[in-house]
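One chain, chain A, appears in both complexes that follow, with chain B as partner in the first and chain C in the second.
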Partner chain A sequence: MKVVSKETISPEVEPIDPAAVKQELLRKVPTKVARKRAKQIVINSLAENQDVPEIGANTRTIPGIITQRGCTYAGCKGVVLGPTRDIVNITHGPIGCGFYSWLTRRNQTRAQEPAGENFMTYCFSTDMQEEDIVFGGEKKLRAAIQEAYDLFKPKAISVFSTCPVGLIGDDVHSVTREMKEQLGINVFAFSCEGYKGVSQSAGHHIANNGLFTHIVGLDDTVQEGKYKINLLGEYNIGGDAFEIDRILKDCGITLVATFSGNSSYDQFANSHTADLNTIMCHRSINYVAEMMETKFGIPWIKINFIGAEASAKTLRKIANYFEDPELIERVEEVIAREMPEVIKVRDEIRARCQGKLAMLFVGGSRAHHYQELFAEIGMKTISAGYEFAHRDDYEGRHVLPNLKVDADSRNIEELEVHPDPERYRPRKSAEDLARMQENGFRFKDYDGMMREMAAGTLVIDDISQYETERLLEIYKPAIFCAGIKEKFAVQKSGIPMKQLHSYDSGGPYAGFKGAINFYREIDRMVNSQIWTYLKAPWQENPELAAKYACD
Partner chain B sequence: MLLRHTPKEINPRKALTINPAKTCQPIGAMYAALGIHSCLPHSHGSQGCCAYHRSTLTRHYKEPVMAATSSFTEGASVFGGQANLVQAIDNIFTIYDPDVIAVHTTCLSETIGDDIPQIARKAEADGKIPSGKFVIHVNTPSYVGTHVTGFANMTKAMVDYFAKSTGTRANRINIIPGYVEPSDMEEIKRIAEMMGVPIVLFPDTSNVLNRPQTGKYEMFPKGGVTVEALMSTGDSMATIGLGRMASSPAARALDTKCKVPCEILDLPIGFKATDRFVDTLRKTAAINVPDALNEERGRLLDIVTDMHQYFYGRKVALAGDADQLIALTEFLVSIDMWPVHIVTGTAGKDFEARIREITRNVPHPVNVSAPADMFLLHQWIKNEPVDLLIGNTYLKYIARDEDIPLVRFGFPILDRVGHSYFPTVGYRGGMRLLEKILDALMDRQDRDAPEESFELVM
Partner chain C sequence: MRAKPQPYVSTTNACKLCKPLGACLAFRGMEGAVPFLHGSQGCATYMRRYVISHFREPMDIASSSLGEKHAVYGGGPNLKLGLKNVMAKYQPGLIGIATTCLTETIGDDVPMLVKEFVRDFPEVIQEHGSPALVSVSTPSYSGTHMEGFHAAVAAAVAQLAAQGLPHDGIALFPGFVSPADTRYLKEILADFELQATVLPDISLTLDAPALVEYETLPSGGTPIPAIRALGGSRAAIEFGRTLEGQSSAGKVLHDRFSTPLHALGMPIGLRETDAFFSVLEALSGRGTPVNHELERGRLIDAYVDGHKYLFGARAVVYGEEDLVTGLTAFLAEIGVRPVLCASGGRSGRLAEAIRDVTQDLLPEPPLVREGVDFYDIAEEAEALEPEILIGNSKGYHLARKWGVPIIRVGFPIHDRFGGHRTLHLGYRGAQSLLDRIVNARLEAKQEASPVGYSYI
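After this line comes the complex of A and B, so read on.
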């Protein structure tokens, strides 16, 4: 095998030729499939102008391949709306879809005790039966909304369509419109049937459109606070949003709304009064940021609270946006206060983790963000990829103008948004924007994952089970990160596996305290003795001693 | 409070299900298919269902759960999923090489009306099914029945596709274990072996969903009933189906197809139901029950007689699948506990009648509803508190809010281990259940006892 320069990967691993690995991944699969997968398996390189190779992404999943991906409904109801506590989210469909998305994502929420609303612990479903499929489910849906209202008197009720609903043609939107009028509360629906789009990603877009159309902008109350921001694409898995909240508060930054970890309906309604949108997960939520910029004049920036250095950078970026020396100073104080503990733990753990290999195949942003944390303890990401991201999440937003819109993406409505005649208020003048950009401040920009990965690493979109197994055999990484479906096959091959959707039972991993948690967690996983017991003594030394103990 | 919006006052609901005590057909079909050796379950529909079913089974077993999907997009939803399934079959055999692909449908492909056998024939004609390999299928629309129906249907498909009668009867009994854990399947095999009765157990997820850590992952592990064994079921002298809902369709299909007579029994949970199971095996195979098994029975009974004061008159609320609840209720009643609230999402009239019959001597009113959900169960509990909850993990929210001990039993258990390794069927399974019940009740007594009456010896 050809030798890759050792520095690019790791001094401790046998140099492995990524081209040969790619060939191996494609060797066994049918030709047509290999052709498609070849575009989604890319050997990373960085041109002088920072360009990375093109990758196939957001294309149809190949049937039978054993994919990680889920459906549009999961992206809409599960990911984006799932963490909202005070909306009664009714799944319109047969029982399964609602059942499986019931509390399984570890989004934490803190409702006010004792009276605050919290419906997250409940699963609401129309549980469609055969007669509903045959004769239509609108009547049952209407009745279900009424029953939910009678029982709970919530602020809002939303409805999520599952696959069969689209096929039988239930008009969920007219039902919700009617019920909204009748009940006098906000009632709205999402046409997020699982077959739309090619992955969860379509569901994110549909959720964004719905939030924007039905909630954002309903409440014009301007909150107290000098520096008001929204946090977008943070779902409070394992308490991440709580840690971010803590840090922002310490800096004196006011969080108007989080989309959608630990969120409430009122926050969404009020979110257009913020002065900056900050985006954690670019993939799932950039649409809302774009639309809010057009309609209300709120700029957006990409940030990242995964990684201690990244968190510090993020705080500085937010402070620089407001161009206020007081805030800039405060932020530096917070960073200076938080970092020593981080550095202490980091350095101790780095000594044990240095040079070990990690692989990350997950989601639409975490496979990128978590590379930061691994790098902080000296671990190398040898291969990574997203489950449902698009090319811009891999290669950077500059590819956006060249993206082909295929039939599957065209299915998802692009809302036409215009400046709000009364409420459009540019937070920065055109001159300010120009000046800031000239000074290197970057608005609405995301460089993607690949520019930050070493040359010679493998970037793989929508990795299959087969490819996962081959990669494990070839590279024997110290740790593999993905989701619950992948977890135990990886561990059964003797390699520790960290879930980066649900964090297993851990977290928070965001911010400074989160970084410390993550270092410790990875240290526990990659340096534990438990992986050394795989063979019994007689399996290691099978030869028989011809002696009895009593001899 | 976690379920703070659940009111005590009960108003009937017709359209809205809240906190279901059931889930959908395909997950049961997937689970059953994993009990065939070297079989890859395949979900014919959009990929979300498959992802959800795999995730839920994985969380329950903490084991790899592999299954493929036809990954429908909008096009397939309009024009049908033939091309997707043919391609999936080709990919699966080429890349993963199982002996069997077990296709089940989803709400989507059912609503479209895809004809799976026709598509499978097309795949065969196109040369996509290697010789000696099989594609079997079952229809599992989730707007009919529940996860148990899906299990029952896939198990029946094993008969439909594989069972053959050669005309020669073999000295062997088929046992269909019902929708139980791999540990339970193992225990049923152990009991039959103790009794010296040759059996074919299908499906059999033991050593598939409770396999050892070896450092070597195999997509198709040792466990599972082989195709050969499934074929041989048509020659067996009898079939015992455990659990009416989960097992009778397959047992009856064997009778119709291969004239193998069948007996449908309750799941062998608790000593009465286990007695009936053992007795049926004994009579069918014409053998004597070995002493070792009598001793196991005696030990179970010994716990009951030793600890009766802790069971007597304790009120229990139950949620779960009908087959399990019937046997479990009988067990609890037989040791003088009082099951007072019982819900299942899985069944109707027969279930209610059966529970009424089992509980007719319980000196306390009994609420039973089917189909019903856990929201109703919670409301009943608010009106009539209980000493113990038995059911799946979702009951922990009620347990915490109402401060009632919970014994995890059924599907899914997402937050504890044990169920895949230690059975609840048979006499030994009964002992484990009683241990869990006693631990829960006695830990609670220890926690709540005033200092002066805190007991050392219990």
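After this line comes the complex of A and C, so read on.
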């Protein structure tokens, strides 16, 4: 073991060829495994027609490599349903799964009135014991639901199944149906056993189905407001949703529901009264948007509030959708008011960050969105990848018709949805839609991450711990972004590491104020003095390292 | 003492973690070991993120990544492929395979699968330096992370230690203590000039320095040859009063190799530490080294000085059973009145252990509750009007609700910095805990004062 000391630091730079890097990443694994991994490690290129190479994604993780992926339960309970404050979530299973998803995601929430309910600080579990595994856990689940009801009298209770539940054959749905009748409140269950999908992605889909089946559309009250939208795939980490909320309010745009940062049960129930669905994280939530469009006639668009320029673009896109000059003007005013401060800070920091390299391996959308923020301060993304995304998130939605449906995806139910006989109301007529599209307005579209990345950059799906270590050694980036599981391994290599799941207790990073926060944070990290003591040799000269692959 | 039947069927805000997590922590304290969970990958990911948020250190846990198909047909092929991949990437010294709820429910026979693997792939194993393969059964639906921890240590000893030449070394099984505790224990043993194998040893693997070159496997941990040689130890020491009557590493040594076993309480506070030092004196044939004598003396001096701030303060203590027992022993010594001692564990031994360590110090024994969660603790404690909470981060919301200080000890600590460097054991640990408790009391008093004296 070599401990860092000043003497061990000396500058050293070597040229980098992405094809050689790919070889290096595959070198140590058995041939069969290497063949599979080779499809998931792609050297990016852009064809004339903007097409990017095909990447292997959403396939099973290879046993024994240390994946950063979670499970179906994590995607369903932890990600999508977790941030809602007034539904009591009961984990049906042994204690661990529930414990580990207990307030670990830094989703913030604000109860409306002082007495407003917030159950997010609680972790309810049936804590199954041996006898429940042997004789079945339905009785215990019933009792747990009753207890949760007696304690809190909530509007709704939801149940999440973990691995053993599906195996022993507990019928959670019939238990919840019974309890719903008995208690007179909404009670529903998710069969989100961890083994069901290849990653948390399956859990997102199951959660979307459940939300849509059990809550969306229960309350037809139409709220005041001229421009009513839903924000989908925003989970209010570090207060992002609060900043977005502030901006939308300033623009006079009414947010009916957020799925699911800072959300409440009533918002979901009422969300079908909005006139537009805007999607931040395409991966985790596009199913709800699709279903709402079919059933209620609400169109959806892809937006992004990560990055100041991206936020401005998003606001303009929303305003254009409503085709109302008053809103268009209002949005321009807000942008004009917010941007000067952003530009001031950005320019100052860009001078110090220009040309430095970033790597992002996170989530199903953030590895894409955060490239915007880095670009704004002149930093280059040399390599990026998702943990649990599908090909459309990498290559764009045009690949959807060609996606192979494998056994794991078939496992997850595709709901059959039809227009609601009474409530289907197309927000835009077919002619309007056609006209708008002709003018370049894009509905239901997402270009994916790779089109926005430079040729020669490396795109890696489901990166393993080992590959991460090799990449760091080879590229010596100025910053590496991922989650807490990678954090300390990366920092031990002398490279600053920014968590983009939990934001390292920072944030917000969305919107205009968020962008400023992020520039400052990255400046602090990549230009910190501490790294001159701990830094690996190559980092003495990051600009040189930057020259190779992505120019 | 009151023993009330468990009032709730469900668990609200658990005061325990799951079994394989404990096993992974124990394996992490063995040199060159990679913990490996046989099951769906979610468990490994969850446990990694949890362990990492406490230790702020890397923690790799491999998984056999089972899917629905494997849940039906068995996870053997994935387990074997996973073992090969781990060997290829890590060249590990040991792979510690723990089961999860999934593989326990479907009934995968891991010891048999490992045997098949060894039989079918001798070249693979050899090519990668013949790592030791240790397996342990850890269904979370019976027992907590502590049972998982002890089971993994016992499994390593049972599967690796062989009848060997008797040697002069002793074995120390400290249980789940912090890296700082482990470092300190090794220092004490060295000062007694005792040759000892501490198992597990997370002092470096879960608290490592900044490095020039990242180590895929962290340095440190109990050397595997030392574990193999445990059969020849001349004595063993094991901490944990609630371990009595359960299988444990110390008992494995005792039963297999007739190694004399000194079963002690976790040495927290003066008297439990004195008991530990007496054993060391006996085993080393020498008196307590003077630096430790002095530490002990200073501790007593501090007990006297601190008494006026602590006397009669009502405390709630919660966490793992042996930690709670040790802390309670210590609190009773310094004049604090433990009013509730609670644990999510359910050994059936906690009440007795606590009675044993407090009976001559407390006029009436504290209320002891096993197998409880934080909801129960809150209900139970409310009427007891606690003035101080001692336990892990999960009790914070109660402390906040009641407006009383919380002293963070044990695991997990994820709302303070340096939780893994917390020292609990020995004279030094007691000194540090005492200082923290007194200061927390002073701070609370100062904050509450309308004047705000700075001279108190």
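By our rule, the second predicted complex is superposed on the first by the 517 of 551 C-alpha atoms of A that agree within 3 Å, B and C clash if a C-alpha of one lies under 4 Å from a C-alpha of the other, contacts with A are read in each partner's own complex, and residues count from 1 in each chain.
One rule holds for everything that comes next: contacts are C-beta pairs under 8 Å (C-beta built on N, C-alpha and C of every residue); 3 or more make two chains touch, one makes a residue touch a chain.
Remember, predicted model here, so these are calculated numbers, not experimental data.
Partners chain B and chain C, once the complexes are superposed on chain A, run into each other and clash.
Once chain A of one complex is fitted onto chain A of the other, the partner contacts of A:Val526 are absent, as it touches neither chain B nor chain C. Touch criterion met: A:Cys123 reaches chain B and chain C at once. Of the two partner chains placed around the shared chain by superposition, chain B is the only one that A:Phe152 touches, whereas chain C remains out of contact.
Judged by the touch definition given at the top, the superposed model places A:Lys28 against both chain B and chain C.
Looking at the shared chain after the overlay, A:Ile66 reaches both chain B and chain C. Judged by the document's definition of touching, chain A residues 28-30, 33, 60-74, 90, 93-102, 104, 121-130, 132-133, 140, 143-144, 147-148, 151, 162-164, 166-168, 194-198, 407-408, 411, 465-466, 469, 483-485, 487-489, 492-494, 534 lie at the interface with chain B and also at the interface with chain C.
Interface of chain A with chain B (complex): residues 28-30, 33, 60-74, 90, 93-104, 111, 114-115, 117-119, 121-130, 132-133, 140-144, 146-148, 150-152, 162-164, 166-168, 193-199, 407-408, 411, 464-466, 469, 483-485, 487-494, 534-535. Interface residues of chain A facing chain C in the complex, by the touch rule stated above, are 1-4, 8, 28-30, 33, 60-74, 90, 93-102, 104, 121-130, 132-133, 140, 143-144, 147-148, 151, 162-164, 166-168, 194-198, 407-408, 411, 465-466, 469, 472-473, 483-485, 487-489, 492-494, 534, 536. For chain C in complex with chain A, the residues that touch the partner chain are 8-14, 16-21, 36, 39-50, 52-53, 56-71, 78-79, 81-86, 88-89, 100-102, 105-106, 139-142, 144, 208-216, 219, 397. Chain contact summary for the complex, chain B toward chain A: residues 1-5, 7, 11, 13-20, 22-27, 42, 45-49, 51-56, 58-59, 62-77, 84-85, 87-92, 94-96, 106-108, 110-112, 141-144, 146, 211, 213-217, 219, 345, 375, 394, 397, 414.
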